[in-house]
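Below are two complexes that have subunit A in common, paired first with subunit B and then with subunit C.
Right, the complex of A and B next:
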């Protein structure tokens, strides 16, 4: 009978020690909503599990006008926390629409990022907010923009000895919107989603973020579409133009939830709606 | 929220009230025992090795390595099962061939679908059992899979079961035609109903519509997976604890498949977490008994969700070609249906009930229905709520909607105009007895929902009707009077939809006591007379009839006791409202409670009993329902929002109206899921892709509005209380109602189920020309 070793340290240094010594053999376990079903179905047979739920990484604190969120914070916490609601409402909304209450109660923001699923719900709003990630190891800390974190589906730049400990959301200007299309109202994987942030200055768009989810192997920041908005008065016609541009920047696939054809059609609509909503059109 | 119409004037004390269900507290506090809750000392855990191929020959199975794993106590394969000759048995509404049932629970020679059982292991822990499965080596020779009826019916299609020959099909089902050629086929059976002169009927029509429909394989989606705990004693007796809709079926099938005597098996019903027809057969029970016999220890087996979806019994995907004609005045002149029902790997789809229900709500003078039972490399289908009827109704009700539009007639008016009533021949021939279809349509037409105006773009209102013939079948009941004047009602009918409350209420009504004074018990197979499945919407009807008669038997005995006490003849005693009195009023009346204390002195305990056969399937209490649904279609994404939904149904008599409404709402919710999102998705190798509830998408409560109900009561003359079966018919009409609403919202006629956003969007972009002006559906 194969068995797995199980570690549940209470000190960060013990966790980092384990990762430094045996990072390649270790599967990091947080909420387990993705991993545990795979263990149960024998799809994944871990040698050793490192549970990070006892490391004190469950927190949301105000920092430099923005937020610092521990990687083991549950999505339910994020969806209902007052600070998040005030400083990063787009993140709260995306968290609230993810899964269902039983999943949100255990799923963590760090797990949602580190799993790097194509359909993950946290990356688009975090990219739209210019979030940064703190990766910690015995070698020290490195902080990277979230846009550099994802390499491809289920693959990130995290090294075997590193632990994603904190998500930092700077104080950013602008109005935001998140629009998601799933096959049900709740408990559905994302077919396509978009997070938008527009910064208005004197009636014109000074800066914009348009980030599409489930539209490629990583979240897609639609720079071309952002450029279309830049420096212009936002109108619904401009939103249509930007959305059309954004579709060209996505590389969706066919899967069990939707075809690439459908994703392209839908993301265009979602981006239009998100721009209109963020700019109160 | 419920409207009630057409209630007869007969008055009741208990029937029609809404007492708290007797099993409610146990269930909401988590104390009720479901199949997987049973445990016994020394119990082992059984797991099933399942085929990774849709169609393959089994060349060899080697179990030695698995057997050597510490903790493994028994392993079984197809070689452990006796050969069972092909005999057919009625299983509720569907016919079962026990030879194929045996091959379905454990493959021999060939695997015929992804998930087909090939071996099972019992071990001291579930984990050891799962590890042992990995050590079993099976050599397969993959064969080409046949995944749809259309593919299976091609002349050169790979053959699933070589013993199925075309000449039997022609000979058995179409007696007029010459015997067909003798060659292998995937078409296992054919049924045909015809009436009138089809060609003449279509010549009379001013409008003829013809379309091809497809519906996907869908699963019942019960929350509790299949389970069984088996004990095999050294005296050769077996006891099975399981979640099933039919304990007596489990006993018969397990005995037959293992060549045991029926009397050597006792089946104890656990609470059941849903079934909807899917738990009327056996999967794990024979395996658990065999593993228990081989290991000498109790064995528990439970499926996980992926096993349930891959290897239990969903209902058929279908392929239907249909044509219907109507005169300008809206009278249907002719209809023709050609239908292929996918049976899965073994014969036995609901192709016959589908044909029997197809045009059931209507009087169509010229009619031809052909329906085929087609083998495909998918799991063998089981019953699912009104099996067969939803698919044929989807076709029939879609065409009828088109004809109503062409004729410029209100869709409910169109249905009333052509509606079946007492004396109208059913599609299968026999005339209806008293039915309430017209009353149901009229109730919907007068409803607040239908009379309301639906405004806004991309919004539409659709209606559709459904028919289900309902089951009668065999039931037994015992009513025991306790010394304190309370009673117990014992039946063999598993309570899947609140039937305990209904049984207690029927007995309470007859005996003049409160529903709370009657304790309803579901007994095991050794403790009550034979009782057929909880299926066919038959429990409140047929088992309720047995309870009614058993309660009357108690009344008879009470009168004898009173006669003895009062030195009168039993005919001189009257019983009403729970009181015994003499016709001549010469004595002080006795209540039930009072006489209950005197049983020992007057002849001993009183126990009433009744056994009956309430009649063949369809012989008693046919049911009709009408669904009205308002939708809004997102023109950019194809997403359908259900704005409002109302179901009207003729229930005969509502014993417990809350549970009747619950059945109507439940069937409607399942129907909407079937309409919009649910389907089995297979890859090109015939492997099921969506093996969990994340991607097998049933609607959640947030996806549906509160479903409004209209309870119509046209009493069933064949039942002492007027009851009709209510469990199934509400699932028949929602699919067509939603499709019709979508058409009226965006002008796109959807002919394939489900209608998820991508498929609807694609259809909307294909610029379908409208052939007629939309007729406003609001009545006033």
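Right, the complex of A and C next:
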């Protein structure tokens, strides 16, 4: 049986050197909650594993009024951290609803993004917060808006020599909400989710973000629906109108968790609820 | 290629060889003969393989063995001290919280990690901490009661039921 090589550097420069030299052969390992089941059933036989858990990328710090989160930070840490509660409550809530406490102890925010699963729970809140990602290589650092990160399911714009090191959440205005639907209340893969942020000014919606998860191969920013809210007094009727528009912007699929038909119906309700919740309707 | 892996299992330092893709569960069961963690789903869905790594309950089937280098791993084999059952083990036993018993090792370790961090959890906190542990026999009520008993928060109605049965 072919066997893999294993690297667990403690210095970022050593990890980047390895990626620069052999990036195409390397599978990056963080918490492993997505990779290890594939090893267990022999679905994936990596050439080499680069474990990034010893690079000091486990941190949550206050930065420019917002947050900087190391990519190897566990979802349990994000779900229970005071700074995240204060500055990005929608992210804390989404992290708290992912998996269960034992999975969250292992799973990382960077892994949740870089795996680029359709059903990932971190992308919708991070898109709603206008987060940026830091991709670092020997060539330097590249900072991109998270909306540009996902190309399709399981494919991102990360190049073979790059490592996702940090998630940056700017100081943004507005109230947020996250609503998720799975087959159980806890510990189920996402069927559909939505993160909403509305910025109110003088009783009217000055700006909005509506981001649907599990509704296409990448997270969907529903620009048409956001446009419906902008400049208006928010009412529950307007939320219904925006949700109906948003459904048209999604391209869900049938899978073992739900059909596309069901997802379209569920997301409409979730979006209405999220808009109502974010705007205290 | 196999790599040397050194870590602590139930207080004993161990050194073994591990493939990079081997899970902690593989190494514990197949190489170290620590068989309380059970091989259930191997995809993180059932919780039968739950162990405590550096104070946190984790699914050992989802944890790459080499990443626990230097860590302290605790399993049910490490719960007993001086031949005495751990309070959780005793309450599980007395309340018949194990039926077939396959999930019990994982249940005990998830409960231990919870109580070590939060000695008097609410019922909701217990339910949340145990939400990754499935019991096919459906002994959830007894499991909750056993953990509550250890946490000193006996559920009074259920305690009466138990007395009546006795």
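Before moving on, here are some points about what is shown:
To be clear about the criterion, the second predicted complex is superposed on the first by the 281 of 281 C-alpha atoms of A that agree within 3 Å, B and C clash if a C-alpha of one lies under 4 Å from a C-alpha of the other, contacts with A are read in each partner's own complex, and residues count from 1 in each chain.
Keep this in mind: contacts are C-beta pairs under 8 Å (C-beta built on N, C-alpha and C of every residue); 3 or more make two chains touch, one makes a residue touch a chain.
Just so you know, these numbers come straight off a predicted model, no measurement behind them.
When both complexes are superposed on subunit A, subunit B and subunit C occupy overlapping space and clash. In the superposed pair of complexes, A:204 makes contact with neither subunit B nor subunit C. Legend: residue contacts after superposition of the two complexes on their common chain; A:269 is shown touching subunit B, with no touch to subunit C. Legend: residue contacts after superposition of the two complexes on their common chain; A:187 is shown touching both subunit B and subunit C. Between subunit B and subunit C, the partner in contact with more residues of subunit A is C. When the two complexes are overlaid on their common chain A, residue A:32 makes contact with subunit C while staying clear of subunit B. By the touch criterion defined above, A:257 reaches subunit B but does not reach subunit C. Within the superposed three-chain model, A:41 lies in touch with subunit B and with subunit C [touch as defined at top]. By the touch criterion defined above, A:4 lies against subunit C but remains apart from subunit B after alignment on the C-alpha atoms of chain A. Overlap of the subunit B and subunit C interfaces on subunit A comprises residues 37, 40-41, 100, 186-187. Listing the residues of subunit C that touch subunit A in their complex gives 1-3, 19-23, 42-44, 47, 50, 56-59, 61-64, 66-67, 69, 110, 128-129, 131-132. Across the complex, subunit C is touched by residues 3-6, 8, 29, 31-33, 35-37, 39-41, 45-46, 48-49, 51, 53, 76, 99-103, 105-106, 186-187 of subunit A. Contact residues on subunit A toward subunit B in their complex (touch as defined above): 1-2, 37, 40-42, 100, 181, 183-189, 256-259, 261-262, 265-266, 269. Listing the residues of subunit B that touch subunit A in their complex gives 69, 71, 127-128, 130-131, 134, 304, 306, 636-637, 639, 677, 681, 689-690, 692-695, 697, 699-700, 702-703, 756-758, 761-762.
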